[in-house]
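As written, the chains take the letters A, B and C, and residue 1 is the first residue of each chain.
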Amino acid sequence: MFQEMNKRIELLGLIPVIKIRNAQQAVQVGKALLAGGINAAEVCFRVNADVENRDAALQNIADGIAALRKTYPDMLVGAGTVINSSLAQKAILAGAQFIVAPGFNPDTVDYCIKKNVPVYPGVSSASEIEQALSRNLTLVKFFPVEALGGVKTLETFQKAFPVLKFMPSGGINSENVGKYMQSDAVAAVGGSWMVRSSLIEAEKWDEIVTLSEEAEKAMLGFEFAHLGINYKNEKECKKGTQDFAVFGFKERETPISWFCGNNNTEAFELMKQNGRGKNGHIGILVYSIERAMEYLKPFGYSLVPETIQWCGEPEKSAMFFVYLTKDIAGFDIHLKRK
Amino acid sequence: MFQEMNKRIELLGLIPVIKIRNAQQAVQVGKALLAGGINAAEVCFRVNADVENRDAALQNIADGIAALRKTYPDMLVGAGTVINSSLAQKAILAGAQFIVAPGFNPDTVDYCIKKNVPVYPGVSSASEIEQALSRNLTLVKFFPVEALGGVKTLETFQKAFPVLKFMPSGGINSENVGKYMQSDAVAAVGGSWMVRSSLIEAEKWDEIVTLSEEAEKAMLGFEFAHLGINYKNEKECKKGTQDFAVFGFKERETPISWFCGNNNTEAFELMKQNGRGKNGHIGILVYSIERAMEYLKPFGYSLVPETIQWCGEPEKSAMFFVYLTKDIAGFDIHLKRK
Amino acid sequence: MFQEMNKRIELLGLIPVIKIRNAQQAVQVGKALLAGGINAAEVCFRVNADVENRDAALQNIADGIAALRKTYPDMLVGAGTVINSSLAQKAILAGAQFIVAPGFNPDTVDYCIKKNVPVYPGVSSASEIEQALSRNLTLVKFFPVEALGGVKTLETFQKAFPVLKFMPSGGINSENVGKYMQSDAVAAVGGSWMVRSSLIEAEKWDEIVTLSEEAEKAMLGFEFAHLGINYKNEKECKKGTQDFAVFGFKERETPISWFCGNNNTEAFELMKQNGRGKNGHIGILVYSIERAMEYLKPFGYSLVPETIQWCGEPEKSAMFFVYLTKDIAGFDIHLKRK
């Protein structure tokens, strides 16, 4: 159920969980997230314990959702901490595109299904997962993931329930997000580490931009793979490996190239002939080519269809390798899945 | 809901979870707890697997609750392991002042709410927390806490549900209780480490007294902070710091005093003038001044209102500092929150 | 409830969790398990996410259960991952002798109870345990156990619910199975480590046999305890200890023998007189004598009733010690509980 939204969330990969008090804060945070390259937000119905008029506070949060939707219509905006169906109604009225809850409340879930609004209830046990499956949900939140064993726990659950994917949250940060992005059990992660309340309340928008950039990049896992150098022919190329050997880089042959490197890093790929790029190419590693393209699109990058290699069955599995349409300083760029 | 009882439990801080078989044992354990300075007990409806007449065994436990209530009317006595509404009824009839269960059984909870008896169902997932919140419960048991990540997990949940506080149990002992008492997510802890069944069955009441004292003090976190020494004037005081410097104690100035110490411990506070106490003062650290006062009251201590300092907003936040009305050997005593 | 099946499962101790796609695979796996000394299987209703006709796939699994039952009528065959009552119906029709689910779905459980087919729903929280107890279930699955703190968590739960025993799964393997078998909270363990899908799909039946043998033995915990040597009389025996002292083995006396050993291992028992066995005896340690006998029966071993020693009350507690009816090379064999 909700396949289209599931796919959109999976392509985004990272859903910031934000705690705001009003529309003005919501829009400011949205602006900072976008500036940091993140095009999604889950606005939480969380109200501090000492707030006196809780209903008004919740309505202000709903207004924040509405303002965010209106100001940034291309951003994916959901509602979080939706712990009952009346909050779900409030969120949907405000324009929330999806509904998230920390736990599984059948009322909330059934209400959203009836309204045909994608809902991602939190689960943390097999019993709750069975309740989700009985409603044909195939993507669920998992909270609090780090307290419950992290990515290993998700994979244990996925082994028992192969149709399921998770949107974990609770303790994820730039340090450990990579482990999650490498797991097939994870569709996307949720987290507040780039939008901490203290930053929002102190209006430190620049810091939110910086942390968002860092979070997005940690989530994508961008990493330099190698520099590709073009040689005229196989003989020249073979000779090239000797130039690199002077620096202690050992060579490894492939049908089209020689890799040179040491210590598990092969920083150079010497192309035997017809290498791509005016000045060669740069290989960049990512956790998911699909997600990386989603991020790179606004920067004018597209993929070169005839260069796609797949992990498994073409079109059905994940991409393993692809060249981009745009070069940097004469170097063609290709992505490669870690 | 149940604000008054919630507050009483929070002030007590530690609720021993006791497994007794009859009224006589219950009263003996109660006596030992009181002698150890603990004024509360949760009597559990736990019956060994090999007991043949379970109904009679459960009734004997209820009789234990009744006996405890009658013998020690000032003690707070609740019932634990109340896994269904018929046990809740039995407990309430016996005079239990609050009802605790390891898990969340809506029947039990709704029955207690109907009877207006404070109920603290156990939760261990966001789904269960949402069920509690839907009934306006703001204090819940959390079991088994150590197996599920300890205090860090509680704080993750409280971040998602700011109105909630927890009464964790399952693996708490004198070694780790301090971590719990320092967390705002914790109202009180439950535990059996000072009233183990083996001790009760062997009638080792003295050992229960000793362990209870130790547990209560570990929970309060009493720790020597510094000795305050009174000087006649600022000049004398400044000179005093030089006397301490001979022993390698470095000085740090405050508006009213000089602290002297080393290695992160400032064992001496030299008062510039008008220092409290005939012979000076003794500063004692605690996790919570409110809880410490609850414990100290029976020993004749009260707080000196005009000396109170608050962590945040006066009267609404926790106390940070206060002098007591009674001195020890000419030394005034003040408490300070860790 | 379901005492007879509970007991059978507890005697087996290890229930392999197998993922097959059809009857032919089911029978092959069953054959390999039996060859490895394991006389039970839980056939899972797990279908990969990319399977198109899920209903047909589920029916094929049910056919696997039926084939296994027919081919190996003495094997205990259950159904796993039974996440709703319609799957339970399918499993029971196919002849499944017990029903297991990762989580607690009241519909599934109540359906099986109505049909009087033993059901072992998965629990992972006190709330779910309370639901099981309210239906008089005293044996439940616990999943995923390693992610939730392992055997320590089970024991915490059993302390709160003394009537309950667990069938844990999720992360158990030959390395850690011993910890589970030593716990009174564990009736049996579930696991796939000896029947991994990759082995089944690659038809590596021999490897499954080897891994099954290894798993069964790790579960039973067979370990050499000591060699018993018969002496004619006490004097000869005492002299014997001096022979061993030459090798640095220190002696320890019991009423009937001297143990000799070092470094916590007492490899020799010198019998003062009338020692059993033509050539002496061999002591073997196991986690459970009852389970070991279940495994040894097909090899022609029985126990010698008059040699039984009990952990507690005779006939009601577990056996602590027993001699077997058959010797090896003139050495009588006795088992001893670790």
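As a convention for this text, a residue touches a chain if its C-beta (ideal position, glycine included) is under 8 Å from a C-beta of that chain, and two chains touch if they have at least 3 such contacts.
Here the structure is a predicted model, which is why all the values come from computation and not from measurement.
Student: List the interface residue numbers of chain A and of chain B, divide the shared ones by all numbers used, and answer same when the ratio is over half, different when under half.
Tutor: different
Student: Write the angle of the rotation needed to overlay chain B on chain C, where the fit uses Cα atoms and the result is rounded to the nearest 5°.
Tutor: Going from chain B to chain C via C-alpha fit gives 120 degrees.
Student: Return the distance between the CA-based centres of chain A and chain B, expressed in whole Å.
Tutor: Here chain A and chain B have centroids separated by 43 Å.
Student: For chain C, write out the residues touching at least two other chains, lowest number first.
Tutor: 125, 128, 148
Student: Given the complex with chain A, which residues does chain B contribute to the contact?
Tutor: Residues in contact with chain A: 125-131, 133-134, 138, 148-149, 152-153, 156-157, 160-163, 316.
Student: In their shared complex, at which residues does chain B touch chain C?
Tutor: Touch list, chain B to chain C: 46-50, 81, 83-84, 101-105, 121-125, 128, 143-144, 146-148, 170-171.
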